[in-house]
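In what follows, chain A forms one complex with chain B and a second complex with chain C.
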Partner chain A sequence: MSIMQYNGSAIVAMAGKDCVAIAADKRLGQRALTVDTDFQKVFPITDRTYVGLPGLATDVKTLYDRFRMRVNLYKHREERTIEPKTFSHLVSHMLYERRFGPYFVEPIIAGLDKNDKPYICGMDLIGCLDFAKDFIVGGTASDNLYGMCESLWEPDLGPNDLFETISQALLAAVDRDALSGWGAVVHIITPEGVITRDIKGRMD
Partner chain B sequence: MDAQFAISGRDFVISVTDKGLRNSILKMKMDQDKTCQLSSHTFMSVSGEPGDTSNFSEYIQGNVKLYSVRNAQDLSPSETANFIRGELADALRSRSPSQVNLLVAGYDKGTNEAALYWIDYLSAMAKVPFAAHGYCGYFLYAVMDREYTADITLDGAKALIKKCFEVLKTRFIIDYSDYTIKVVDKSGTRVLSQDEL
Partner chain C sequence: MARRYDSRTTIFSPEGRLYQVEYAMEAISHAGTVIGVLSKDGIVLAAERQATSNLLEQSLDNEKIYEMNDNVVAGVAGHAADANTLINQSRAIAQRYLLKYDSPMPVEQLVRRLCDMKQGYTQYGGLRPFGVSFLCAGWDSTFGFQLYQSDPAGNYSSWKAACIGENYSNAQSILKQEYKDEEKEEAGPNVRTVGSQMTMDDALKLTCQVLSKTIDTAKLSSKKLEFATITLKAGKPFIHVYTSTEIDEVLKKYESVIKPADSQ
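After this line comes the complex of A and B, so read on.
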């Protein structure tokens, strides 16, 4: 089993009409053993940008602390909040700095830029940016998520429809993956604010 | 091969570790204390690579005590656990990583809540109601999942721990004779003997 599959995770981000959604499971495991069923993998970077970190749990926390520091410094120096596109390039740079001893996470970024335009992107563990218009998936259930998203996603979904779509995609995908699941958190980012919902799926 | 587990209620945490120090086929010591007192209301149990365990726990113990001396105030359990995780994470990709598994237990005098943090050797951390490290987890998570409730009392936790001992005695290959049982609550940390359960 590779190090990326040691703790288990499933994260997906989708773009809708003037909104984005990012969702993650809540399982923390040690190979087959489940240790925590409330582990946070999606973190707010600004009011309108969230980052999801699938992969090794220790690097999830370490990287989130590093991002928090860099974004706070950015805010102090630039006297404005960081845009999602800028943040994703910052993350890419931070990951490539560790090219030959990488962090074992493959971040997914979802946010609204200053013109309320949706932005989502993902990257691999050494920072190769994957800028998509529809959805980004990551974690041990990524293959399952690709299938679910490809069939369920359609363009210009409103916040409520986007919530339904992303929830169904995530729930169905993690049910076929032993290493992810045990509940899910969904964040819908709209120009008015962020709606966070906790959804209960199969607890196994 | 160490038994290390803990259960937290709303206002107490009870932690159990076995007392054996084994090396291959040899029982070197059977009265080893695998816990490390960090402050009056926070302690951690440590297992893992021999040497790393004492080295890391002494380092953490010293630094936590230094904070208390400098600031005339103890670190809260969450602050302590986050500090420990940070130190372990820094060591992970350095010249000298520490292979230690920890359970940090404490009572927060500010919020009047107990807290238990599971930290593994890769410094992944989770705040949990109950936890175990090592092989005993494969046996004990089942028992704890079944019996635990969020408003468990200290007596309820003691009964749960007795059930845990039963499972280990019946089904685990290693015969643990004696355990270090520690409770932390509003009045501080105290040691219980197996008869007091």
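After this line comes the complex of A and C, so read on.
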């Protein structure tokens, strides 16, 4: 079993009309044993950029701390907040610096840029960027998420429809994955602000 | 005679003085004035940009006031280039602290680290000292709002109201006169008398008053001034650096205390 499957996770980001959504499950396990059912895998980077980190839990925490440091330095030096596109290149760079001893995470970034345009992207554990117009998936349930997103996602969803779509996609995907689940958190990022909702799924 | 002792920073003169360090402080007392005033619910920082050619492109960025961390904002008097390296270092230090301990760096620790860097250049040979003084305004959860002044020698001290740069002694005496302190009788023998009677409005007003008397200009304007405040917003430190329109509004609001220089 790969170390990427050790803790278990399912994260998905979707683009809508003038909004983006990012959702993650809450399980933290050690192989088949569930340890925590309220583990944070999605982190705010700015008011309107979020990053999801599916993969090895220890690297999730370490990487978030390092991102926070780099983004704060950027903010003070440039006297502006970082754009999601700039941030994803920062993340990619930080991962490729560890090309031969990588952090075991596949980051997913969702945000709105300065023109309120939706931006989502993902990458592999050494920082190969993957830009998408529709959705990005990651974690142990990524195969299931691909299937759900392919069938549920449609262009130009508003914030409410996008919430419904991403929630159903994630809940259905984790129900067929033993390593993720135990409820989920969904962030809907709109120009007016971020709506965060916790959802219960099958708690088993 | 002095020539023998002032060419190197690390040599004491027979009178026990470090001339290079004193010259650096002298350089700062000709730099643009920076004023800091502590109040009950925040700190005001104001800085003067010294007159330059009107052919010079007006910089959009601040030249004198910088955020050092989410909880510390600093005003600079002296060599801008020296200040830049120190500020970059301070920002990195503050962020490394956050990475290590997952909590914001206390204000005094950051100021001390900054001063350690400055001190090094007055002791190790071959280099000149940093020609900058800072006024650091910050907030932390242990000691609340704090205002620190630092000099090229690496000394730092905590103040309720302070001024560095040109005319600093003048400004300091006005601050001393006008600053409304907590009444001493109210505090018991073991109570630390921190805090002041000033509100943020009072602090802004006092800052404007002192600026008008220390800066050698016919009329105060946003072109030559920079303003910043640090307050608490929802329990977290909030740094606000004023735009030029906001500065003009402040100056207009306190017009009554800003007397034109020629009327004195």
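FYI, the second predicted complex is superposed on the first by the 204 of 204 C-alpha atoms of A that agree within 3 Å, B and C clash if a C-alpha of one lies under 4 Å from a C-alpha of the other, contacts with A are read in each partner's own complex, and residues count from 1 in each chain.
What we mean here is this: contacts are C-beta pairs under 8 Å (C-beta built on N, C-alpha and C of every residue); 3 or more make two chains touch, one makes a residue touch a chain.
Computed from a predicted model, the values in this text were never measured in an experiment.
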item	value
Partner chain(s) touched by A:Glu79 [first = chain B, second = chain C, both, neither]	second
Contacts of A:Leu28 with chain B and chain C, given as first, second, both or neither	first
Touched partner set for A:Asp36, first chain B, second chain C, both or neither	first
Which of chain B and chain C A:Gly101 touches, first, second, both or neither	first
Contacts of A:Asn7 with chain B and chain C, given as first, second, both or neither	first
Touching partner for A:Ala57 - first (chain B), second (chain C), both, neither	first
Comparing the two partners chain B and chain C, which touches a greater set of residues in chain A	B
Chain B and chain C footprints on chain A, overlapping residues	65
Complex interface listing, chain C residues touching chain A	61, 66-70, 88, 91-92, 95-96, 98-99, 102
Contact footprint of chain C on chain A as seen in their complex	65-66, 68-69, 72-73, 76-77, 79
Residue numbers on chain B that touch chain A, as the complex places them	85-86, 89, 92-93, 118, 120, 122-126, 128, 131, 137-138, 141
Chain B-touching residues of chain A, taken from the complex the two chains share	6-7, 28, 30, 33-36, 38-39, 56-58, 60-62, 65, 101
